[in-house]
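Shared between the two complexes below is chain A, which has chain B as its partner in the first and chain C in the second.
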Partner chain A sequence: MENRPLEYDYTVAKMFMLTTILTGIVGMLIGVILAFELAFPELNTILGQGLAEYTNFSRLRPLHTDAVIFGFTLSGVFATWYYVGQRVLKVSMAESGFLMFIGKLHFILYVVGVAAVIFSLLAGVTTSKEYAEFEWPIDIAIVVVWVLFGISIFGLIGIRREKSLYISVWYYIATFLGIAMLYLFNNMEIPTILGANGIGEAGFGNWWHSVSMYAGTNDALVQWWYGHNAVAFGFTVPIVAMIYYFLPKESGQAIYSYKLSLLSFWGLMFVYLWAGGHHLLFSTVPDWMQTMGSIFSIILILPSWGSAINMLLTMKGEWQQVAASPLIKFMVLGSTFYMFSTLEGPIQAIKSVNAIAHFTDWIVGHVHDGVLGWVGFMIMAALYHMSPRVFKKEIYSKSLMAAQFWIQTLGVVLYFTSMWIAGITQGMMWRAHDEFGNLAYSFIDTVTVLHPYYTIRGVGGLLYLVGFLMFAYNIYKTMTSGRRVEESELQSASPMGA
Partner chain B sequence: MFHWLEKHPFFFAVAVFLVIAFAGLIEILPNFAQASRPVIGTAPYSTLELAGRHVYIKNSCNACHSQLVRPFKSETDRYGHYSLSGEYAYDRPFLWGSKRTGPDLMRVGNYRTTDWHENHMKSPTSVVPGSIMPAYAWMFTNKADIETAYAEQLTVAQFFSVPYNKPVPMKDGSTMEVKMGADLAEANKLALEQASLIAADMKDQDVKDAVANGQIPEIVALIAYMNSLK
Partner chain C sequence: MDIAELQAYGFFTLTALMVVVLYGYIYHLYTKKKDADGHDYEDYSNIALKDDISDTPVSAISEHKEK
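Right after this comes the complex of A and B.
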């Protein structure tokens, strides 16, 4: 009986797959609404004047970013962890009642946290710090959820059979540690109910309100050390964890180079944190930090491309799979977008380029070619790979998957090309002077000129959302009406074994 | 070494943590002692201004408006003097923003008036044809939260020694004092005094009536904050 394959328990993974899809739909839908609000401002009151406060661009904007970061992406990270973790550590969740309990508690508290975030942001309860908008009670809930995630990771590692940690596990550990450190330090705040006046009265105002421990420039420094690296440890590190597992599994190819993965992992860990300063170029933080931010952003190309090249070379000699399998397409194009995005970012971090790019839509475009092309594609690919194994059903429709791939690719391309043009146009118009040295354009000229690009961007986003709905439908049909299939029938020739 | 680490998760995690924490230690900590001293002419926010700042944050104005003038001719021509670190000494949180869908507001108090803001917030296109900014009609009826603003003043005075009721040096050599109420009743009174001055410059009769009755609509607090940005 010793050699009988393990029966892995995917209860928790399934739960997080559900929230990945639901929060993905919500977050992307809000994104599309926001995009069209910029092109057609009358949409700000789409549900009438009475609800204008809640359909307004500015109120919805943090909800979009947080729904896709803390909803879609984090759910995807958790879902894949509860799938990949067991398999690379060769241990089943079913073997430990404790870890199963922690996993379920992790999910329940996570859902409660997401609900609290949605309602509080709609109500305008926010600290204003990007991707850290939550007030202290929700911060505490998030820390608890994160600690439970940590217990899940290290608990499973503690009872593992495979002694060596696979590359994906390195990245999951780094995700846990990185976010924990960044989140704690960036959200240091004092609840204002503690403020007492001269006669000892305290407890005034909203109990959930707080004030940042840092002021002005320091606050900005900590915020962008966090903001940049929340991208690192939320959008890069765990997604690399996914591709290191799912690409070899799906293609049956061994990772191209262990040494390259070592270099990229430790390089990424060391370099990424320094690059936060590139969000603060030409601001009031000390010059040397800005320069360090610039330089390290350039160096960051090395470990980023290291991972991406490792992935693309893993497909060496097997490129026909890219043509044959839509799932491989998602991962290969995802790696390519990762390379593209990690080249674009450092270019924007060069001071003279940043002078034009900062504050414009080019930055928005950069974020989205990364998250739509890399993060979104990889998470959807992961869920497509997991579904037959988790639900024991064959994928409902491969042609739907292929159609989705092309629709979404077109969406991403429309998105970033329009934002490039918009950003550079606006950046150049802001700085243009006429022959007498006066500003050539008033600010509003630089806004109205963007209308066509905002419209194209909206269409691009809409295409991506349509593709995501096709994905959701495909997974739903797989669960409910797919042909029953056993794991052993599925192609899985990877050296990792089952 | 790497092979060994991969078999020892605890030491692996410690190694990862050291490598990622390193940058923060070198880059961030050294700056903390010196960066937050106010420049001359920078005063703390009054209760009403702080309540207005909360309205600004509540509606994520910072999603589209920056408060950071970069040291380029094109920016100083458009917005005024480039930003200095000490000008932000009382900004918790900072509101630099990351996107200029609309113009910078760092020094908007220098070139926009109460009247302009009132028209603009009610109907942006009435003063800026072609504007894509939405109207903020609810600010004319929602009431500003003076109590929370007061709590924040008490908190920053207590924990960060923000100089309320103390002389603050001004650029012309004089000093000024930003008053903070000794209790909630006085805080309300101070806020209402400032609100009355702003309401006097406004046209909206409902807003004027509300302030006359001792209530402060969000728009009044927001304009007080906008006017303080110089």
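Right after this comes the complex of A and C.
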């Protein structure tokens, strides 16, 4: 047997990098189409009445959200786990045939699951629960994929050389446990084919169709406990895991305060799970639960800002790197957007503010400054940092990356500012009334007023998509034609071509 | 006392307990500064910075076993 030095094995990380980029393009493209459909409703039937079923807003909307959440973001989480996990535990996947097999199986089943989701949602098969639209056969497949992810995490931890688990590993573990619990409980459902009606007739509907095990307000509560914590354990926790690894590594700076990272972690775990009630303010859930949702949402500022400030202070004395490196720019702006949206969210959860904000575009704006500015920027930065290490090539173009950064930043700013104005206008118009209590405006009045803002939002989204295509091209060119780099060039700042 | 009231007291007690535990942990972190193995918490930042497979672990599993 030849005696080669041990190296980290990035086979599975590379596979998930591919799906991150592909599902990112799909999810964002559909998002842009939807944005323009809202501004110009005739686009709903752009391919003719015969195909309108597949091009209208309501059919495409879950495809957009699920492609971004379960496609782009989860692929990014998996890609970075299979990279970061090995490095901070100081163990190579090449050392375990079993874990390598599990990793590849994880990827294959994930791709099968994604294909099933795309096909079924496009066909209109849905449970109608937001972000939990998949019917029971797909739910079972997703659970299997998730269990494989868990085996990968704990398997790698089991054979580690580094005794202490780096802070990012804690966040990855929390992602695994959090989503496992939420997904299982929210997707408790009964196939209708097993049910019977009042007069004893059984076997309703298609074999894949199901109804939730919970009814009425209980269903709403479980749904928003899930919905809000999907943001927590899908869009926050694993992204914090990424920035705690990639920002120190790329900048060569130790985390400003490791102790602060630990206490923010436990603070976040403690508080986040109780905040979901803010989605149900002024609804039929008990009042104390609504109040608790508001209070916990406001407390949530503390652990969120603990992590974000920790990241910004990591750059202390090294701010010239932000000017010099577009990769650092992505992470610092991502962290800033994290602070911004974790302040905005609690403000929206205050009852009096929520009375204006609920059901308006301001909420849509909030989600997007978080996902575009924080999640998207951080995942792209992570893949940029990983590329030279996994392909042993220099990043193809620094100037392309810088141009992408500014185009996307402009896109995010156009997106959230237009949605702020649209949302608050909408909220105020819905409430406006004369001295007798008659509503001042009908719904269509608001639609007319909002048209310019919907157009600006579409343009913002389009700019972000253009930037994402530049990112995909940059990574592709890195892989195929970048200059080969030596191990010594990969210590901290990533090597970049002009 | 019905089950709902019991749940409410249970919830409040658990929350209060977790607040105490969390603040206790923070107090521990900033007064002791080191974990049970004697490593300064801040040293663990190096797990990311020195993460080549040939780098020495900050707190190696084998070092732990020898103790």
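As a convention for this text, the second predicted complex is superposed on the first by the 474 of 498 C-alpha atoms of A that agree within 3 Å, B and C clash if a C-alpha of one lies under 4 Å from a C-alpha of the other, contacts with A are read in each partner's own complex, and residues count from 1 in each chain.
Simple rule for what comes next: contacts are C-beta pairs under 8 Å (C-beta built on N, C-alpha and C of every residue); 3 or more make two chains touch, one makes a residue touch a chain.
It should be emphasised that the depicted structure is a prediction, and the values quoted were computed from it without experimental measurement.
S.K.: Superposed on chain A, are chain B and chain C clashing or fitting side by side?
M.R.: fit
S.K.: Tell me the contact category for A:Asn474 with respect to chain B and chain C: first, second, both or neither.
M.R.: It touches nothing on chain B or chain C.
S.K.: Of the partners chain B and chain C, which touch A:Gln321 in the superposed model: first, second, both, neither?
M.R.: So A:Gln321 meets neither chain B nor chain C here.
S.K.: Is A:Val447 touching the first partner chain B, the second partner chain C, both, or neither of them?
M.R.: first
S.K.: On the A-aligned overlay, A:Leu262 touches which partner chain: chain B = first, chain C = second, or both, or neither?
M.R.: both
S.K.: If you stack the two complexes on chain A, which partner ends up touching A:Thr236: first (chain B), second (chain C), both, or neither?
M.R.: It touches nothing on chain B or chain C.
S.K.: Between chain B (first) and chain C (second), which does A:Tyr214 come into contact with in this model arrangement: first, second, both, or neither?
M.R.: first
S.K.: According to the stated criteria, A:Tyr245 is in contact with first (chain B), second (chain C), both, or neither; which is it?
M.R.: The answer is second: A:Tyr245 touches chain C but not chain B.
S.K.: Quick one: classify A:Glu201 as touching chain B (first), chain C (second), both or neither.
M.R.: First partner only, chain B.
S.K.: Count the residues of chain A touched by chain B and by chain C, then name the partner with the higher count.
M.R.: Higher number of touched chain A residues: B.
S.K.: Considering only the touch criterion stated at the top, classify A:Ser341 as touching first (chain B), second (chain C), both, or neither.
M.R.: Touch partners of A:Ser341: none, neither chain B nor chain C.
S.K.: For the overlay built on chain A, what is the smallest gap between any CA atom of chain B and any CA atom of chain C, in Å?
M.R.: For chain B and chain C in the superposition, the minimum C-alpha gap reads 5 Å.
S.K.: Touching chain B and also chain C: which chain A residues?
M.R.: Residues 163-164, 262, 266, 270 of chain A touch both chain B and chain C.
S.K.: Sort out for me which residues of chain B touch chain A in the complex.
M.R.: Residues 2-3, 6-7, 9, 12-13, 16-17, 19-24, 27-28, 31-32, 35-36, 57-64, 66, 68, 70-75, 77-78, 83-103, 128-138, 145, 147-160, 181-184 of chain B touch chain A in their complex.
S.K.: Could you list, by residue number, the parts of chain A that touch chain C in their complex?
M.R.: Checking each residue of chain A against chain C gives 5-8, 87-88, 90-92, 160-164, 166-168, 244-245, 248-249, 252, 254-255, 257-259, 262-263, 266-267, 270, 492.
S.K.: Going by the contact rule set out above, which residues of chain C touch chain A in the complex?
M.R.: Touching chain A: residues 18, 22, 25-26, 29-30, 33, 35, 37, 39, 41-49, 51, 53-55, 57-64 of chain C.
S.K.: Which part of chain A faces chain B closely enough to touch in the complex?
M.R.: 37-38, 41, 44-45, 49, 52-53, 56-59, 61-62, 124-130, 154, 157, 163-165, 170, 173-174, 177-178, 181, 185, 190, 192-199, 201-206, 209, 211-212, 214-223, 225, 262, 266, 269-270, 272-274, 276-277, 279, 282-286, 289, 292, 355, 358-361, 363-364, 430-433, 438-439, 443-444, 447-448
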